[in-house]
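Report on the structure given below.
We just call them A, B, C and D in the order they show up, numbering each chain from 1.
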Amino acid sequence: MNLAVSLPRGLKLKNPIIAASGTFGFGPEYASFVDMSVLGGISVKGLSPDPWPGNPPPRVWETPMGILNSIGLQNHGVEVFCQQDLPFLRETDTRVVANIIGHTVDEYRQVAARLSREPGIDALEVNISCPNIKEGGMSFGQNPDQAAQVMAAVRFETDLPVMVKISPNTTYPVEIAEAVEDAGADMISAINTLVGMAIDVKHRRPALGGVTGGLSGPAIKPIALRIVYEVAQTVKIPVVGMGGISSTMDVVEFLMAGAAAVMVGTITFQYPRRMQEIVAELPEVITELGFDCLQDVVGSALPGRSNASSMMEAEYE
Amino acid sequence: MVKRQVPAPGHVELWVHSPVLAGATPGQFAHVVTQGTLRRPISFSRLDVDTGNAAMLFQVVGVGTRWLANQEMGAVLDILGPLGRGFPVPDARRPWCLVGGGVGIPPLFAAASQWTSAARMTPTAILGARTESLVLLEEEFRQLGHVVWITTDDGSRGMKGTVIGPLARWLAKNPQGQVYACGPTAMLRAVGAISGQRDDVWMALEQRMGCGVGACLACVVLGNGPEGPDYRRVCTEGPVFSGEELIFP
Amino acid sequence: MNLAVSLPRGLKLKNPIIAASGTFGFGPEYASFVDMSVLGGISVKGLSPDPWPGNPPPRVWETPMGILNSIGLQNHGVEVFCQQDLPFLRETDTRVVANIIGHTVDEYRQVAARLSREPGIDALEVNISCPNIKEGGMSFGQNPDQAAQVMAAVRFETDLPVMVKISPNTTYPVEIAEAVEDAGADMISAINTLVGMAIDVKHRRPALGGVTGGLSGPAIKPIALRIVYEVAQTVKIPVVGMGGISSTMDVVEFLMAGAAAVMVGTITFQYPRRMQEIVAELPEVITELGFDCLQDVVGSALPGRSNASSMMEAEYE
Amino acid sequence: MVKRQVPAPGHVELWVHSPVLAGATPGQFAHVVTQGTLRRPISFSRLDVDTGNAAMLFQVVGVGTRWLANQEMGAVLDILGPLGRGFPVPDARRPWCLVGGGVGIPPLFAAASQWTSAARMTPTAILGARTESLVLLEEEFRQLGHVVWITTDDGSRGMKGTVIGPLARWLAKNPQGQVYACGPTAMLRAVGAISGQRDDVWMALEQRMGCGVGACLACVVLGNGPEGPDYRRVCTEGPVFSGEELIFP
């Protein structure tokens, strides 16, 4: 079965499985364990104009079916990335998504501009879950206007396909998706982590050095699916779904909820080869579920296309 | 998994057959699937390239180590490794000394086993524990021919106190001696302090880990960077660092 | 050890463990499995002025370390409650918290008024996670003004201790807590469920009859702890914490994060006696952690009181 | 857990020793801790007050039933029960018939075992399955002296088709006969339709459950209320309902 996915502005993935930003480094870290050419793509760790130091440790903490992280978006800056990491990525036979971050609209713009000049980058992913320093630290992703400003600034600088990564820590994920669509986004990726925390009971203090952290892993899958399902019904552009994917069936859930492709994060820490396994299993699983091709799975549980209400009523109404 | 021992109450040593792991450098670690969403990092206590066996000696502290301690003979474990940077081999012409506290002792034993035959002078091993029953691998170090000093917090065995007392005395006699240390953070901080954070004082650190391979930037400690403090990854730049590289308070 | 908790307006619990609304019915359902007199209190299923029919089934779905529910706040109305359920509750030796719901501010007011006339009710818990029908269906709990209006209306009708239950499905949990505190709330309870969904892959449709549902259970504990920790630092009134509690250690985490008492929900479905076990274990666990009394645990990981930053720095700075 | 059998591929029957459960009414269910955050509801296939043993026969469909199927002899299971309303005893002066599909058969067998000695006329059991190897408890029903009709979807055993054909014929002969049915929802809907949803047609329903004791209102089905349709709890008002009580499309 052909697993290829065609996305806006000519972005073509050999399959819908992309390594999620921040969980797969810049490629070489996992290269001895994973055959990267099997992946649809890889989204690199968030890149800022200048290096960010990140948060004090501890930076991860295990929670029920999830993890909290407070890496604090540590990265060595877009310039070092272009010189040091990009050459390796150019050699890999997979799509490279550059995840970009900033403290101000202008910082996002700068990173987008810098990356657009480099060959070997196939798409940008705008992580709007960063604190907006000028507006008091609430993240860009919590406010439709600010999210749209970031997207508009990035759009001004680049013709690359751009996806905006939606934060779940807001009352309005759908409104934010609409706002960035209007501002020129080619795709939505959803979701980023949920703000959570844990207490180190023994030491009577927050477990993470950064006090709060981002919750990821299977625990958040229901929330991610809900947001993907809602966003996919609202925007016209494709959605790349993620949050807690750990199996091929999870991927199918996201596809049915309307995702055109997915990203896989936390599970890689436990099972580095899981993405490869999913790519291998996907054709058979889709066929067994009665689909002829990947495209038919996408959105098959959305209202209208799903047999939801009719079957439900058939059972008890 | 080919062998299992209980060297001390609440401590288990597991042998696994894996030529790849057995080829590790002492100080490197295994990243093991247990229960829970993250793997558990555990150092090697023994590395035997001839049999292709590697051992891990760990304390049961939570869900993961409890699960691992309960695995039955013949169980297949999912281990990523060997990972990280191990201990550099000491300069055999100069004195060296191993300083281990609690479950910091096992990786030093793996190192001692590989290095001792090459040693010109008798190496010293300073082993600390909370109490007598928790002193690990003492007999094994003696069999290697080490001078072994024991300290316990409660004085039930060897000297009362921490490993820092004996280490200070050893350093007084061997001011330029090479030091290899592994144990609780507080102990390592003290080792760094009295040894002057030199480039031939080596310490194996612990930190909460995500990936174990350098991808997630979770496992950092503060390093002594060219432009001021910077974060280093324990899983990749470490777990073994020189005293010079690290910033302790 | 004395586990008693004193809360505003003379509300005294024999211990900090309260059964969470919607997971313990009206008391008699679990009475043959659980000794209710051991509990600090029980919060009953949400009560509306008239009966609500609830959502079509299926109404629960299992997720990684959690469950989704779309009961749809089915209940037989406050009048039937007073006549049919309250007599039993009056006989039980535990505090009764009446959880109230409504589609309009006036409906909340009506239920509060009706309940204030009945003996045997020790406190009200205002569930503001209900759709505000007049304002287009977004829930009262997602907007500080609307939440405050509900609280003000309830306060007008009753002298009972009132807690407002915070929704996590908002950008502003802290602002909402402040708004209801200003409107007269005596306590905050936090958190309600997170909106999520699951796909029934076999049938290619949303798994729940109500399409989306509320996520509860251990999976949400990190989010709940974060909100309790933030709210406890902001408001002056006590916080009742909940979300994913399944063990005595979990209770300690919530207490350290600033909760004066806790509610226990989803775990009861799996282990009906877990609340009893927690009450039994709590004194020993607290003592082992080095505390002399329950009160000292409360808030011990909050900034100022916690040794957070100092110890963190002691380790790597 | 005292006994374990595999009556058909992918099906397991477990016996547990528990006088309380053994005293259940057929049609009631056990709510069992397995893997996952919710208990699993399973009906009783056998109830023996003399030995104090109760059995559950289930199909392995997901994580919970797989876990249960893998439990070893002597394992202690955490079971809440007996729960719900079981089948009412039939009026022995009038004919009755059991109609079971797949894993709907076991609870009917528990009922048959208790009722058959009291029966004046030979009862009929209509057992449906997907294919020959999945016909459950046929021999046991014959030993009770029932007239047993088998249907399989693929015709590999008995009549080809569903249980509805034979039931229609039985109802034609016994228009006021009492019917006890358990099986997939589609089958029960058809049973309701051809039997006229009478108050002596009893059906055991399935629904996703939370608490199992009536507290959470998760497990509802649509009932025929005095003031129009209303929701009834399968765990408390059911799992056994009369045809008259239910609304099927």
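We adopt the following convention: a contact is a pair of C-beta atoms (placed from the backbone, for glycine too) under 8 Å apart; a residue touches a chain by one contact, two chains touch by 3 or more.
For clarity, every value in this text was computed on a predicted model and none was experimentally measured.
Novice: Along the graph of touching chains, what's the shortest path length in steps from chain A to chain C?
Specialist: 1
Novice: Please give the intersection of the contact partners of chain A with those of chain D.
Specialist: Chains that touch both chain A and chain D, as defined above, are C.
Novice: Which integer distance in Å separates the CA centroid of chain B from that of chain C?
Specialist: That gives a centre separation of 46 Å.
Novice: Taking the mean of the C-alpha atoms as each chain's centre, how many Å separate chain B from chain D?
Specialist: Between these chains, centre-to-centre, one finds 60 Å.
Novice: Would you kindly tell me how far, in whole Å, the mean C-alpha position of chain D lies from that of chain C?
Specialist: Centre separation, chain C to chain D: 37 Å.
Novice: Please list all residues of chain D that touch 2 or more other chains.
Specialist: 221, in rising order.
Novice: Touching two or more other chains, which residues of chain C qualify?
Specialist: Residues 57, 63, 65-66, 217-218, 313, 315-317.
Novice: How about chain A: which of its residues touch chain C in the complex?
Specialist: Spelled out, the residues of chain A in touch with chain C are 56-57, 63-66, 68, 138, 142-143, 169-172, 194-206, 209, 211-213, 215, 217-223, 225-226, 229, 244, 249, 252-253, 256-257, 289, 300-301, 306-308, 311-313, 315-317.
Novice: In the complex of these two chains, what residues of chain D are touching chain C?
Specialist: Interface residues on chain D, with respect to chain C: 33, 36-39, 78, 80, 207-221, 230-231, 236.
Novice: Which bits of chain C are touching chain D when the two form their complex?
Specialist: Going by the criterion above, the answer is residues 22-25, 29-30, 33, 45, 53-54, 57-63, 65-67, 69, 71, 74, 217-218, 266, 268-272.
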